[in-house]
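See the structures that follow.
After this come two complexes, each holding chain A, first together with chain B and then together with chain C.
The block that comes next holds the complex of A and B.
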């Protein structure tokens, strides 16, 4: 009995190890790949997660933790890590031109070579011996060819000596003793290896530069770790690191730069700039009212539709038709709205003109653009509120209405004193969630009119319908040539804190996280 | 016992993971990323020809331009990404600044290319790309409404007014935007974005965005809008629809619009841009150059150079590329041999075209410039004020980047 028990638990243990093993192999493999790519923060987070999983699934003591081990791991990886990484980025100078580590930048600089003025370059022909060693026959523009081996001085060798065979019409030896001459098209596939080889003896090194040319290339830059500076070996100029760029005393800069810690500089250049504050405040106000009106109006419309069509004959067909905006991709719907409202080719303008005599400038006038974008957003989101309020209203017990009727309540009183308060109570968390969603509803804003029309006299381009997130996007990512990750991360951090405060406030307000009693 | 099992399993796991991560030496394959599929087939064929001759395969893939940009800049640190890419030249600046573009030495072969195509891929005095094709916008007119090409912008304005008064057009000129697509209007008055420094690089120190010519160009647009002759709605799609339905008489746009105009059956002709005044220099557009750039962070730089410089850059191959997709070739003799009226029209419009600046500051110019145009049309600011504001915005963003 006892032995069986031990065997079973041994089997269980082995099974446990096996399953864990497969998972750990997968994670370990990813870690190694990330490590090879130099993504150390992500690699270390994954390592921590792997150790965590291994401990809780292999030590009996932690059995109770097992049930949410995977959940914790995923939360760490997909929620906490991106947030922490964004915080980290916001304190760096990472941007175009500063995308690599210092060591990577130094490696790139040290790879650069130069040709001394007046040094000549050669045409070349490669020879290979059975041991895989290479020799070059170098042809200067004028004069006799040179024989070059790695580590040996270049030498003019006439045919017949040192195994050099007869010269062909290009004055290249047909054969070299112990070596095989490679035709040009055979050298292409190995040109990367050939390019790594230093032919000749220090300091007269010749390297392959292209298919046609080999030249005495010299290393251009060298990093001096004592000075912590990069030295230009050609001119002797010293480049010292300033803000992640190697800079000479005259201010000349070497590309590429690298990532350095920048402290609060990103926050300061944004918050410390008075030109940002007022327009940012305007954007914040519009952002809140956009989210508020989007939710309020689509809820109202959804509710009206619910009340109008509840219990009508054919209501199922009507309901199906009303939900149509829902399954259409948001992108398509907004683009369709955009073209319908276009003053030149859309059909809305002629209709309005025939009725009112004029048609609003949907994309140029700030008020009309705001109305337009809310209108489109309401159209997109009312089916959602229609569906949930149609469901919720049926859950209100009929007896309450019967009692109200007995007390002499009309339809309005029944709605205002019974349906609405009960519905609001049920739907409040959804309304709040919807508000938070619309607060960051980038799609509608950006696709409808890119946050335009433009605000006059702002420090950086911003528009009257820009919300915070679309403004950040414009500031950080719209330009195809410049990408300032550090600054974008800093603004994202501020946005994150702002929204975090809102969410905490709402959660308290609605008792969202209170345990059900 | 348990510990022994655990030990064995862990050692085994480490071995497997370790062995897995060892990269085995493989046959070299060059990867080439292109951002549109028009040339995919011909480049694949050329890659096969290269493999036949040199024994190295070239794999050509269509990859989104933004993806190319990301893997060439962010990926530069870790050396990922393709060996070669084909990009529009205005994306070059960040690649050079991040150290991910390799210098290309065309030697004497450079003479066979259009000088301004070479110019487009030259950065800090070095050539970083093999130019393949060039493109510029042209001046389209509806030949039913306007039989003869006007020579000055004043003449264009008169024709617009007349056609509008006769009720023949709804919006006499279609403006796809007030920046790139009407740049020739600005340049004819003497406007420009960046001047050049001693090394031939565009420089922010000579910033022309709010100069007199730019202001005059924007004022010209505003006067037509105020006269009601032209719609205040500046929209790429709408302006093209207006032209192809005959509701606009003029539009300035590029070769990409030719197909839709042909399909719509609108009678059109492409000509050189008008000048500011009688006998003046006609406006010139931005030149876009597409070319092949070698990823300097990969180990196959030498091999890629063989492909680009020694193999691809021949008249025969350029002719094949041109035949596969007839965009004006960067190879001068093929460019000049183009005969069909559209190409001739674009070439006439492109005389004197200057490559679009690829310096990072240009990235900030677009957004500010677009806003300046719309602020003028919204009656918020005068052209001078709006362009001054745009200049400030660009300088402010450069400041933020410091």
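The block that comes next holds the complex of A and C.
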């Protein structure tokens, strides 16, 4: 079929134009905001997506691509971009304290204010309306009082206007229309709440400083783009950028810091430091053996089930019972196992104790936790291997066995010399794919025991059953003291490389890419 | 071993009459052990959920006075909104499924029926991208969603919109190729006759092709639903507030927090959370297995 056959009516074209226009304007708005805040990576990928969508929906030549334009846009943003962004992050210092761009950090610093000390202060009296909104009557040392509402300019209001009642002997209005005057003893209880409110309008903001005093609020920091430095407007101190932190000559640092290029620092921190490298290598070794044994044992069990129950009377019922683990959501299954093995609520410990006199510490002992986690994973995945190996075995022609039997082969020989090699050949791509999957099987590791038991004396918290991806999660999302996205990304980059190697390996065993046409 | 020469012998093992019974006994014994291994955890959690005692189930597989008190507590407790979680999960998984099915079907149709530049490279790119598990991008996905959320809070952190977009993006890859492979098996004469009659490609797809894609649509729909419903880590990373959580994240947090106090409730929660998937799985089992084993056995 030729693309030229496809004719879009004018109406369709106009519809495309309209819908695309709306989407593009929405994207464009976000791009501009991102750009203003210095979030360049995300701004550029969104720009690329916007250009791509505009081209394919407005040029007739690209009609076939229109069918999956939105799909490509999503894949670019949430599949391809995260991979590239991970590589980018691995070369930055992004961690707690350095989570935003320079521009965002400057914006936040410039929002900070301070209360001006000295003569510019007021005495104050608070009024509240039934809606819980406050107003202030501000008394300077000399001159007339000011009426202040949040978000409205300060104003000198003589008694009788705007609902302001008669003044008492302290020149404070007795009443304010719609509001109730708060006596001093009541304001004590709400002073913290009152202190949060900005009275007046930018830039003339007044805040309550103490029970007696209110004072104007001033901007504390200002970024000077010529100096590339932040100036403290209160003290005149200058803070220059050093490694993503504005720092004064005396070494005082301003928070928040921002993201800067850190080169190979992240990689160096775990490759160059033996105290980090060695436990990480332990994690890698365990990661490999966890994936290997999970696949090997699940495959073996699936195969045993296939072979043993083929042709056995009642095998249908047996099989139906054996795939029971399959439909249960993985997370639920792992939680069930965790509870079963728990010494307090589970039944496994009492049973084992009555047989062997003791029961393993499934969650404290490193070896037993590892055995437990592999056992649970085998339970989760053998039904899959059972189903695929049953299918594969049916695809082996019977003639081969018949010929072997003629040559005097027994059941073991038939299995070892015919079934197993053929099955391995057929299923090798799936076994490798399954290895890759289990190499990153976060759920089993994390939900079973959070990667614990903990390794003693490591630079950052690590566990004996942590695999690389659960360690990455620990670094990035378990906020014990410091979350470190840059470091987490650097380790993820290593994971990407490992998986790329596996993929090359897999491509050798399969016509993965040749099959596409 | 002359009797093993029968061509239609279905078994892997060949027997003399004498060893046959011994072999059967051993195989049934092994079957029994394996069945226990498969069934006991599921059985145990169901029974524990009906056990009114709060903890210390001990060795009893069948509680003495089964009742629904755990379920009662689960649905009407003050600590966490279980039903909201369950509703969130079903909502998120359903929307993800509908979007994925629409996007993959359109993409698959185009890849199967149109010939255009970069088509082949495009499919290879899908395969390659699909190899890297989405979980590897979690740090990047988290920060991306956080940054988008600064300007569009509907797809930011702690929003269901962002989560759905990520699920849809993650589930497209291999599904597109499955749909494409399925449409390849539909004769092109069907499309061509429709086009000759003056239908646009859009109409042809809607009225001719889509209706006969039912099996693949069900397969993809079911697999996507199960994956989105069962996801833990992405939802765990992106969602924060209690009333936004999915049931998987909620139940895991709850288990970590209040394991000893409310063990019975947790088991009840686990059973209820598994039910939607089992309800989908049982009638549609064939499609699930087809989908999961697609391409695995080509001989």
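Following the convention adopted for this analysis, the second predicted complex is superposed on the first by the 331 of 517 C-alpha atoms of A that agree within 3 Å, B and C clash if a C-alpha of one lies under 4 Å from a C-alpha of the other, contacts with A are read in each partner's own complex, and residues count from 1 in each chain.
The criterion applied here is as follows: a contact is a pair of C-beta atoms (placed from the backbone, for glycine too) under 8 Å apart; a residue touches a chain by one contact, two chains touch by 3 or more.
Please read these numbers as outputs of a predicted model, since none were measured by experiment.
Of the two partner chains, chain B is the only one that A:458 touches; chain C does not reach it. In the superposed model, A:472 lies in contact with chain C only, and not with chain B. Judged by the touch definition given at the top, the superposed model places A:96 against chain B, while chain C stays out of reach. Once the two complexes are laid over each other on the shared chain, residue contacts for A:395 go to chain C alone; chain B is not touched.
In the superposed pair of complexes, A:447 makes contact with chain C only, with no contact to chain B. Put simply, more of the residues of chain A are touched by C, taking chain B and chain C as the two choices.
When both complexes are overlaid on chain A, the residue A:332 reaches chain C alone and has no touch with chain B.
Looking at the shared chain after the overlay, A:186 reaches chain B, while chain C stays out of its contact range. Once the two complexes are overlaid on the shared chain, A:21 sits against chain B while remaining clear of chain C. Of the two partner chains placed by the overlay, chain B and chain C both lie in contact with A:33. Overlap of the chain B and chain C contact sets on chain A: residues 29, 33, 37, 39, 339, 342, 344-345.
Remark: chain A residues 10, 13-14, 17-18, 21, 24-25, 28-29, 32-33, 36-39, 58, 95-97, 99-101, 104-105, 108, 185-186, 188-189, 191-192, 194-195, 208-212, 255-256, 269-270, 273, 275, 339, 342-345, 361, 363-365, 452-454, 456-461, 463, 474-475, 478-484, 487 touch chain B in the complex. Listed in rising order, the residues of chain C touching chain A in the complex are 1, 4-5, 7, 10-14, 24, 27-28, 30-31, 34-35, 37-39, 41-42, 44-45, 48, 55-61, 103-104, 106-107, 109-111, 113-116, 120, 123-124, 126-129, 131-144, 147-148, 150-152, 165-166, 168-170, 172-173, 176-177, 188, 191-192, 195, 200-201, 226, 229-230, 232-233, 237, 248, 251-252, 255, 259-260, 263, 266-267, 270, 273-274, 277-278, 281-282, 285, 288-289, 292-293, 296-299. Partner chain C is touched in their complex by these residues of chain A: 1, 3, 5-8, 29-30, 33-34, 37, 39, 42, 62-65, 67-68, 70-71, 74-75, 77-83, 85-86, 89, 94, 301, 304-305, 307-313, 318, 321-333, 335-340, 342, 344-347, 350-351, 354, 379, 384, 387-388, 391-392, 395, 398, 402, 405-406, 410-411, 414-415, 419, 426-427, 430, 436-437, 440, 442-443, 446-447, 469, 472-473, 476-477, 485, 488-489, 492, 495-496, 499, 503, 512-513, 516-517. Those residues of chain B lying in contact with chain A across their complex are 1-2, 5-6, 9, 12-14, 16-18, 20-21, 28, 53-56, 69, 73-74, 76-78, 80, 90-91, 93-94, 96-99, 105, 170-171, 231-233, 235, 237-238, 241-242, 247, 296-297, 299-303, 305-306, 309-310, 358-364, 366-368, 370-372, 374-375, 377-378, 380-381, 385-386, 389, 392-393, 396-397, 399-401.
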